[in-house]
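Two complexes, one shared chain (chain A), two partners (chain B, chain C).
Let's look at the complex of A and B:
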């Protein structure tokens, strides 16, 4: 159908397109409302003295207490998990744009947090290397597939069109597409390896023998010197990533990782436990013994299933989702404020030559710290409430966005008679970066939500709290339903974020973090 | 008379509902060297695209932008011109470890455009004019009988441009080239086709034309020259 639109009488859109200000206002209002609903009590008696002892551990680290194997395992799990995930992601990226089923499968893979994957995989593979590697590989495959597909889509295709007719598709891909995208894919994958190390650390908190495992026990037993040393070792690993993760070291890393893997712990008969897990454990209890082939019992089975599901929905999924959304909303707004305050610290026009390096180190350190660990530490200090989770999420994410914004700010060119200081910030810098700022925030929204759900394991009543409880009670069918619900909420938020970015016309702005690792000479910043 | 190399009958093309070419009749015989001329936006590139879509398996193309893979070497970019005539396994091997025979063949082609010494350079590191000559070398190496070229010498000076057009005419039987340089067109084409507002406004042997006769089709562009 063709619409004939005469100039001058264009039909008015039913809703006016929201602008930057309107969207910001609504997010802030929702954030305030969520803040009123959130539980922010500080229950710890001596938060400051605990913090003092913690910082004391960082100043006087006890490196001799560090378990060397934990460093090895942290790297080994990350290398193999990310390697496997990136490999699978690359294979999935090729049919990604063409097949909806592939896109849905990838969305599901990445909507489930690596900790949830680990909790599920543990039921089958025990507390083993396989659990650690797959827990990273599965969500990373989904993430990498999406990002690789985007990189391939964005690539310059002019050479592909000039190929002689009849070139076979494999050669065409290898010559005209792959070389164009290889550099971006490599930079992104190396960046993912850094994320993989953060994920591995977090997996230590549930028992895998990585740095996180020793960190958790050191914190719990008040050995702050050891905890400080472990944290410094971890920062060193992340900070030196570019020195030891290179094209030519990759084969060595993979080989070393395979040799260094810890021995199998837990169940050895994987086939039997996988069959039990899929065929019995995660099947909703009322369906386990029902005869699904007899139509006359269907009604009865449905009734039983509903009776089983209803309390989960009203008692766990709905309140858990609400708390997750509340936490994510407060954290998102706090992140926004934090990023706006922090980014001048790393920008040339605001921080002097003395302050700027410190600002950078601060933001890079903050962004290297996994939010789960921040939350864990904050929880030790402040006691169980939403406050530690909000602090952890907003500090980590404000660090990330602030750092990127600082780089964008350095890329701006100002007129010679531009104002200075706060006037420059308010009239030139922030307005010109605001679209980019919103793009980053909306992109982090889904990530913040996934983390909010996970923090339930630490005791905040978000979805993860119920998942953790269900697994502790060995009610895996309930855990599976809850994880599925979490994934659906994450997918919904991702869709909302994408719709908003498109409606604000900021969908094409860079939000990928890896490209900052390869700054190009011509383009000021591509993040 | 022999079978024509190209035959367009009442062909038209449109972008987003707007007609760019309309009712084009064009017959080109083997051995003809056709210069397509006209103002920018007249439909020259679209005409070349129409011809390519009709006989893709007989065409070697020099596109308007050099369209090189910037991260690959000059050798690989030229080698791509014959990607369809080698086995996949050979192509993949060549990406990593090229055979001596292929290297020699490509070097010989590059020598014809004056770039034999840049065989192993990254294509993205070359200047605009050099990239354009690599693009021409790719078409020469392809060697298909009909050469379609969209401004193949726009980044070269007139002398170099003339040499490149001569090389193209030596390799390919039939040439259809969009050109904007009137004197290059008159000296290297056997036939001039002027496209104006989506139609063919002039189609004549170049022998009977002079620069002044052609210039009146681009008066407004001359103002910028």
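Let's look at the complex of A and C:
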């Protein structure tokens, strides 16, 4: 009679279930190994004098040099791109749980970074509002579909159960399910708009007329006063988001955005460009004039295809993937350390009433700064190596996780005789929040990976580096294969992250920014 | 629910806008749009192309617009998808664009572009001196090209490097290889010592030297390359159909007729002369031998 063994409930594990400590240890060891493999060379000789001039620009911003229209376009692209993406995402969320094909399509949409989407869309739609809006809408549709589906999944079903038999599915959805999830969906969508503004800013770096367009010029030519002013305007936009993005302002925003869209200079022949892009440009070169199924030549065609693909695989995909994973791993561990150091700055029990507001402003500022822009600036200051990319990723993500952890720390209830200072931090707060911390970190893993790949465009030898080269050589077929490979790596990391979260039993903890921004409206905040 | 109906309405309105937008803009006299590869300081580009736009509008009798792009491939893309009808390309980007758009022609080049040169420049700390022969001592140093698709900043220097070190790629010859993005930036990077050696367009070097942006104590020219054909104005083959018969000839005459030093100076050119696609055939061969063209 051994009462504590319940065979049916506890299946024999195939391998020992990893604990928090083991997973942390393995990530740290891998991060250290990656650090040894990473190229951390600083090529610039006077990074400090450049940094000083940059900070000087922030202190003495030149607001007169700011191109007003770029602010308008940034908001307009974000509103319409996110609106379209969220709308499509909502429609996709309904069949999301039932159809594998929908889930795969959404995973692919969100695994391709918006900058890659923009580079592809530009081939057909040129430098136009359509390119800007679709580059945001496509990946955001994939992200929103997944998150909305999760929200719908988690919702309370009690209203549905009391509906009379024979209620039609549309009414059931509209009256019993929607009211349950609408608040969460709304909070998430509004938060997405903030992300959308970061994304549209970054699209300016490749030529769309948003704030990023002028920021890039200003940085490149050393006009730091103008750059500082543009950044401050952008922080103001993000910081005031809650004031101007509300339920009742939405119709005004959408209408205003449509009216404010920049007129296209010149026009592309969309039909002909689309046909050429799909029918020729992205078709692998050996297949442009041959068929893989033609009965007499299929063998040669397959051989030619392999001869074309092999050097891409060995010379670009494999080294690019390795470098991308190395960068992401170092950045992830650096993010973890950064977040653990930073979060006390915003938590009531650690920062005093003077320090806490400063800590909050600091973390909100770094979280509002797009990591691509941080990397661009750091590369200008330090030269092309992995170091600026690591700095950019870890500063931005440590800001995000640190801010959220601070909020969770404030939500904990302590015993009246709890220790203080370092003892409280090390023996109570961190241990109690550690599961939540790992959940956030694992969730950011895939996002960090996507950004790591895109940083190649800036000169770090990750997958984006080879995409940039292929586009410069007008080999769009190679670029398409590389982007596909990047998407597959991102999907694999996402799957690994989910598996780990499940096996650590932290899969149910909140990982979305929006869900802690409005703690009352959704999942419990405390770990 | 209302919010969702609204969002749905937005989606449909948007699709309408996205689909009908370009078509609606096409209606009356279609503006003639051009671009140029962003090979140097943007303020200089804005100055020169702004002047060209005003000049061409007077000569051609159609609205002329300049659209700025952020990198070389974006200029080629704007030409291949038809957003621009005319472009100021480098030798290599011109070849790329004309191969992608059958019927397009090179119509005018700068007088200096028939025999263009690359300068290899080095930071003073390297101790490298100017020589007539290819400076083989640059092996093992850090090296920056300009844009990946630049003729004088990538294609030709890579060709000369492969010639001087047979069987080796630039990545094998140098400790580190970078792509600065444009020629002004190449000069800045070598001047600051971020890279020891760089390859730069000689006309941009001259313009930046004149503008006082080059510190002769930190960076100097160590080698002048043999000559090759470079920049040119390339026009799409379909402009006669859009803007009327004889438009290409009119455009060519207008470009060759530019005598105003205020326009020519920011280009670093003395005048524009007629040219044909055949003048750039040598670059196709070079492109194939370096693997940048199929």
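Quick note on the criterion: the second predicted complex is superposed on the first by the 500 of 527 C-alpha atoms of A that agree within 3 Å, B and C clash if a C-alpha of one lies under 4 Å from a C-alpha of the other, contacts with A are read in each partner's own complex, and residues count from 1 in each chain.
In this section, a residue touches a chain if its C-beta (ideal position, glycine included) is under 8 Å from a C-beta of that chain, and two chains touch if they have at least 3 such contacts.
From a predicted model like this one, the values you see are computed outputs, not experimental measurements.
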Counting residues of chain A touched by each partner, does chain B or chain C come out ahead? C
For A:254, is the partner it touches chain B (first), chain C (second), both, or none of the two (neither)? second
Which of the two partners, first being chain B and second being chain C, lies in contact with A:80: first, second, both, or neither? second
Of the partners chain B and chain C, which touch A:174 in the superposed model: first, second, both, neither? both
Does the superposition put A:182 against chain B (first), chain C (second), both, or neither? both
If we overlay the two complexes on their shared chain A, which of chain B and chain C does A:164 touch? Say first, second, both or neither. first
Intersection of the chain A residues that touch chain B with those that touch chain C: 174, 182
Contact footprint of chain A on chain C as seen in their complex: 1, 3-4, 6-8, 10-11, 13-14, 17-18, 21-22, 25-26, 30-31, 33, 41-43, 65, 67-74, 76-78, 80-85, 96, 100, 142, 147-149, 176, 178-179, 181, 185, 192-195, 292-294
Tell me, which parts of chain A touch chain B in their complex? 156, 158-159, 161-168, 170-172, 174-176, 179-180, 182-183
Listed in rising order, chain B residues that touch chain A in their complex are 56-57, 59-61, 63, 65, 67-72, 76-77, 80-86, 88, 91-92, 95, 135, 138, 142, 144
Residue numbers on chain A that touch chain C, as the complex places them: 41, 43-46, 80, 83-84, 86-88, 90, 122-130, 133-134, 174, 178, 182, 186, 205-207, 213, 216-217, 220-221, 247, 250-251, 254, 258, 261, 263-270, 272-273, 276, 285, 383-384, 459, 468-469, 471-475
